[in-house]
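Naming follows writing order (A, B and C), and every chain is counted from residue 1.
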Amino acid sequence: MSQIASRLEELGIVLPAPVAPIANYVPYARIGRMLVISGQLPLGSDGKIAPAHIGKLGPHSPIDGAREAARLCAINLLAQASAALGDLDSITQVVRLGGFFNVASDFDSLPQAMNGASDLMAALFGERGRHARTTVGVAHLPLNALAEVEAMFEVA
Amino acid sequence: MSQIASRLEELGIVLPAPVAPIANYVPYARIGRMLVISGQLPLGSDGKIAPAHIGKLGPHSPIDGAREAARLCAINLLAQASAALGDLDSITQVVRLGGFFNVASDFDSLPQAMNGASDLMAALFGERGRHARTTVGVAHLPLNALAEVEAMFEVA
Amino acid sequence: MSQIASRLEELGIVLPAPVAPIANYVPYARIGRMLVISGQLPLGSDGKIAPAHIGKLGPHSPIDGAREAARLCAINLLAQASAALGDLDSITQVVRLGGFFNVASDFDSLPQAMNGASDLMAALFGERGRHARTTVGVAHLPLNALAEVEAMFEVA
């Protein structure tokens, strides 16, 4: 079993079947050693978004729901990378994550929420998982999802 | 006539003169085989935004206007790429599109609207047009445009 | 003294200590000749955001505050690049800036505000500072900052 597959198992994470794009584009594209993954939504292993991960964040929204949504986006990013590469061990660096959260007004815990995605990359890839990132609150997201995360990986 | 130029003609698309940036930056930059194009607005062939492509999307906004705005952004991206490269045939892959829509509250058809850009790339470039993408709704855009799209191309 | 360091001095700019990420990620990552810098906030040289650079932009917000916020984001990007590279002279091209402004409703001067970042790159790097960029208004930003700017540099 590959190294990252072992860590996924230790973390109790089963990668879902990669989600088909909900419109006319593809989940990933490569340029040289860079693998670019399309923005992923917090779909669960059943391919649906749980009600807890739909809607807009406000000043009193719990951080946990937003953090879990970001983590699910990251799991879907990994599912796409796995489909692209066959083996996540060929990822030599998580280069960048872009996190978009669906915000109605203020939600002051955007960085903490985005850690749901970043922490997973660090847990799985160690030093290779240390990435640059940009986190913003946006006015709306596809399917009214709570979060969307895109990624750029360096591959061997 | 180049292959892509022929397809543009078949589709009845005339690339406009590339639009000068509305502020202190340039329309594109290259790094290795990657061509990065600045976010483009839905300017028409007269260099102006039609009233139908200005303003914010809401729950009842028609999809067609947003889709057409995205398509115009894509045409302006191609005009910039053409100015950068001389010939769109040197594009070996459309790597990524980033789509931003101007949303007042909810607009549930963001992916369908973004297809206005993606469909054009697919129609022009075929397999080479299959790109990763990220689509979000934002709180405002320059000139209060309905849409803005940026691109990353791989070039020969 | 290096060329860019001299220009910084001429402009009266002292790069601050690079800001530690406010969550679990790193300030930059490299892939080949590309240096990707995480989104930076308009922190001052004391590591804090001035009250003038916090909050949301509206139709009557002064451009100057937003422009100065973008300029501070750019200074923090340069501080991170300097920490990554040791010497800003190894930057061969500013490839792309991504600008996000915290907008409550309309703020029609997004491009002029973003020039606070772009003008600084042009002043420092000359031809090498001519970059692609994307500017959008978003619904919220970490720390309720007025602006956040991310960057992609080509390095020798």
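Annotations for the structure displayed:
We take it that a residue touches a chain if its C-beta (ideal position, glycine included) is under 8 Å from a C-beta of that chain, and two chains touch if they have at least 3 such contacts.
Note that the structure is a prediction, hence the values are computed from the model and not measured.
When chain A is fitted to chain C on its Cα atoms, the angle of the rotation, on a 0 to 180 scale and to the nearest 5, is 120 degrees.
Where chain B touches chain C, the two copies mostly use different residue numbers: shared numbers make up under half of all numbers in play. A straight line joining the Cα centres of chain B and chain C is 25 Å long. Along chain C, residues 32, 138-139 each make contact with two or more other chains. Contact residues of chain B toward chain A in the complex are 32-34, 93-97, 101, 103-108, 110-112, 114-115, 118-119, 122, 130-139, 152, 154. Of all residues in chain C, only 22-32, 36-39, 98, 100, 138-144, 148, 150 touch chain A in the complex they form.
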